[in-house]
Amino acid sequence: MLEVTNLTKHFGGLVANDDISFGVAEGEILGLIGPNGAGKSTLFDLITGFQAPDEGGVRFEGRSLLGLRPDQINRLGIVRTFQKLKPFEKMTVEENVMVGVMQHTANMSKARDHALTMLSFVGLLEKRRAHAGTLSTGQRKRLELARAMATRPRLLLLDEVTGGVDQRSIPGLIALIERLRGVGVTLIVIEHNMQVLMSLADRVVALHLGAMIAQGTPAQIQADPRVIESYLGTAYA
Amino acid sequence: MTTEIILQTIISGLLMGFIYALVAAGLSLIFGLMEIVNFAHGEFMMLSMYAAFWLYTFFGLDPLLSIPICAALLFGLGVATHYGIIRHILDAPMMVQITATFGLAIFLRSLAQFLWTPDFRTIPDPIVAGRIEVMGIFLGVPQLVASAGCVLAFAFLYLFISRTETGLALQATAQDREAASLMGIRPDRMYALGWGIGSACVAVAGVLLTSYYFIFPEVGLIFALIAYVTVAMGGFGSLIGALVAGVLIGLVEALGGLLIDPAFKYVIVFSMYLGIVLVRPKGLFGRY
Amino acid sequence: MAAPGFLSETPDDPELAAARAEPLRAPPSRGQWILGAVIGVCLLAYPLVFDQPYQQHVLIMIFIYALMAQGWNVLAGYCGQISLGQAVFFGIGAYSAAFLFSNFQISPWLGMAVGVVVSMVVALLIGIPTFRLKGHYFAIATLVIGEIAQTVFINWEYVGGATGIWIPIEWDAPWFAFQFHDSKLPYYYIGLGFLALACLCVYWLERSRTGLYFRAIREEPEAASSLGTDVTRYKLIAIMVSAAFTSVAGSLFTQYILVIDPETVFPLILSILVVLMTMMGGVGTLWGPIIGTAVLFPLSEMTRIYFGGSGGAEDLMIYGALILLISVFYPRGLIGLVHKVMGRGSHA
């Protein structure tokens, strides 16, 4: 479904992504791990058109995404969330979700109906009239998810599902993602919580200092000495 | 057109550029700290010019000697502005910050007109006067001294920011308010200090100008406008950017006036700004 | 390319059904209808009751400035692009009407339309390159474009240079020449009409996809883009609408004053003034620009009359201090106060 080939991105002297290649099959959940600064969010930026790669390419269902703007890529069926959440703070929760729906209809009330469905799906229906700026972090994550789903994506790129969320909300978020898979959405998930990732992902890609150091099943990745070293190395650095 | 004229123009452009650079440095410092543009910056400069004028008129103190007094006065005004106004609008939307400082600008400008009339004033007999000739090029001594003073002040500012502990604390606050406060730096005091120093910078430039420039309530307008453009062209928050852009603007303004049409010299400067930010949207050296 | 299954289905959920049954926006209450009707009637009847030229003059000027402020409000208040160069469009509107009439005897009505078209084209030319800039870089870019426009017009002898244009007086065909010398009534109703039209546009905008996209772009452009919003396209729509309103205001101003020059229709202070007026009323709200102008313009006139005679600039001092104080202590504008009195929160 998605193919990333030799993707490379430099920022000044820093290599954010170094010759990364992998593929994602339809219906799969691909986990993306790596310590801070490994280049995970940059990879999302490159796939979704927020940054242009220096080298390499991205293909979605055979079509090259190079040179397309984020909104054009979104219309092809790819959507991403942001590590640093970006709610439309001074708009209501339902308006936030409507922004995602409106590419499919100009009719406000139809759009709202669909937005409310999304909100009920993520369990935020009660907050529909609240300004997004008043939500808690966990609620904001749900809102981003609802907003992203409202664009009717076939590929969803989630940047940190559980980061900054309190322990109690984590199972609910995981259940949500499982349900997304159930309705046929393909996912790439950046996640720091190993337990979460191991239970969700079919396959895992590990990055370190911009380079891909391993890929395989969660069990393989967990046992991979290079992956362990990259995490230990930064933990004790 | 002779080589002398062109050389002469280049040098006077350079001299003016250093003044622009110091005015812009003050503005840039404040912006780097808290991402606020002080639209009353030009009025601060005007006030320092009047301060120099009255010190001269009443006490016979030459502008060159009143620099420390004027800088101290404006330092105080900058700190007062921070505590009285800016502290309340730190997290307000950008347009609130624009209108608040613009309101302050209108107030100060009309206050000056109310107190001191709209008349143009000059300092009749400053210490530095006359002109010198170097290889067929005539240079005004006041202009030379003013530029040299600005370069000196700029260098002083740069060393202060990059070498002293307080300067480093300012930089730390500019980069990350929260991290700095975890390190025991009090951001509020740093902001006040930034306003003080930024205002003192423009005061020094203003006083140096009084040896050869008219003093009137609206004198700050064009300098402020140029300063905004300088800061944005150099990149908000970058001192080096302010220096490079200031000199560039001084040169282009002088040469453009000479080679194209004096009426269009600001058009040329402004177009240069547009050209530069369209290629580099964050200015020449900008981080923000 | 079917969308995933659950996205099109409608689950049977009573809570969801109840939520859907709510109106998207609370319709105006009866009290609001009555208030609106009363204000409307008062505005229509005002010049018939208050027939002194000065009394009418104040309202006409408020209409013109409020129209310009509403234009800024669309671009900055809703779409978040803080322009400090609105005078460009005001000037274009002013010059189009004046120049075409005085040189080619083309009716200023047509001149106004030409002004709108030219302003929108100029808006595109400004927007395409500068919308890459963010925050202050954009604000300063628009500011210098305003200054450039002023200098160009000052030196453009073909359109009158620094002296500007004196519009030839026409006694016989007031509607063709858009000049009314016997009474201010036509100016009053024409100004009111255009302002009402602009407010209707904004009313519609608040309830449309375009308005929703504008606000999303104002809040988080990257998020809007990731959700399929063509950010640049909608910013361009915003600046073009803004330019159209502002240009009409410029043409109205010209026809009312009948003499223009670059210093009056292109000054930086005008660009700043609309920011102040909108902010004072409430940025990004339908009524904010009107409330703000209705307060600020008479205020500046009053301070000018009571304090302005001496040439000591006391009027501007008070004016500047007020702007400063309101910005610092009431940054959300007077509309917040209005909503408090009427007992409802702001939805914008």
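Just so it is clear, A, B and C label the chains in written order, and each chain counts residues from 1 on its own.
Here is the rule we use: a contact is a pair of C-beta atoms (placed from the backbone, for glycine too) under 8 Å apart; a residue touches a chain by one contact, two chains touch by 3 or more.
In this text the structure is predicted, and so the values were computed from the model without any measurement.
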| item | value |
| --- | --- |
| Subunit C and subunit A - chains in contact with each | none |
| Middle chain, criterion being Cα centroid separation | C |
| Remotest chain, subunit C as reference, centres from CA atoms | A |
| Intercentroid distance (Cα basis), subunit C paired with subunit A, Å | 40 |
| Where subunit B and subunit C are represented by their mean Cα positions, the distance between them in whole Å | 33 |
| Rounded Å distance, subunit A centre to subunit B centre (Cα mean) | 46 |
| Multi-partner residues of subunit B (at least 2 other chains) | none |
| Subunit C contact footprint on subunit A (complex, rising order) | 48, 50, 69-71, 74-75, 77, 79-80, 82, 86-92, 95, 98-100, 102-103, 106, 108-109, 111-114, 116-117, 119-121, 125, 128, 147-152, 154, 179, 183-185 |
| Subunit B contact footprint on subunit C (complex, rising order) | 76, 82, 84, 129-130, 132-137, 139-141, 143-145, 147-148, 151-152, 154-155, 268, 272, 275-276, 279, 283, 311-317, 319-329, 331 |
| Subunit C partner contacts - residues on subunit B that touch it in the complex | 31, 35, 37, 85, 88-89, 92-96, 98-100, 102-111, 113-114, 117-118, 217, 225, 228-229, 232, 236, 261, 263-264, 266-267, 270-271, 273-274, 277-278, 281-283, 288 |
| Residue ranges of subunit C in contact with subunit A within the complex | 1, 3-7, 10-11, 13, 15-16, 19-20, 24, 207-209, 212-213, 215-216, 219-220, 222-231, 347 |
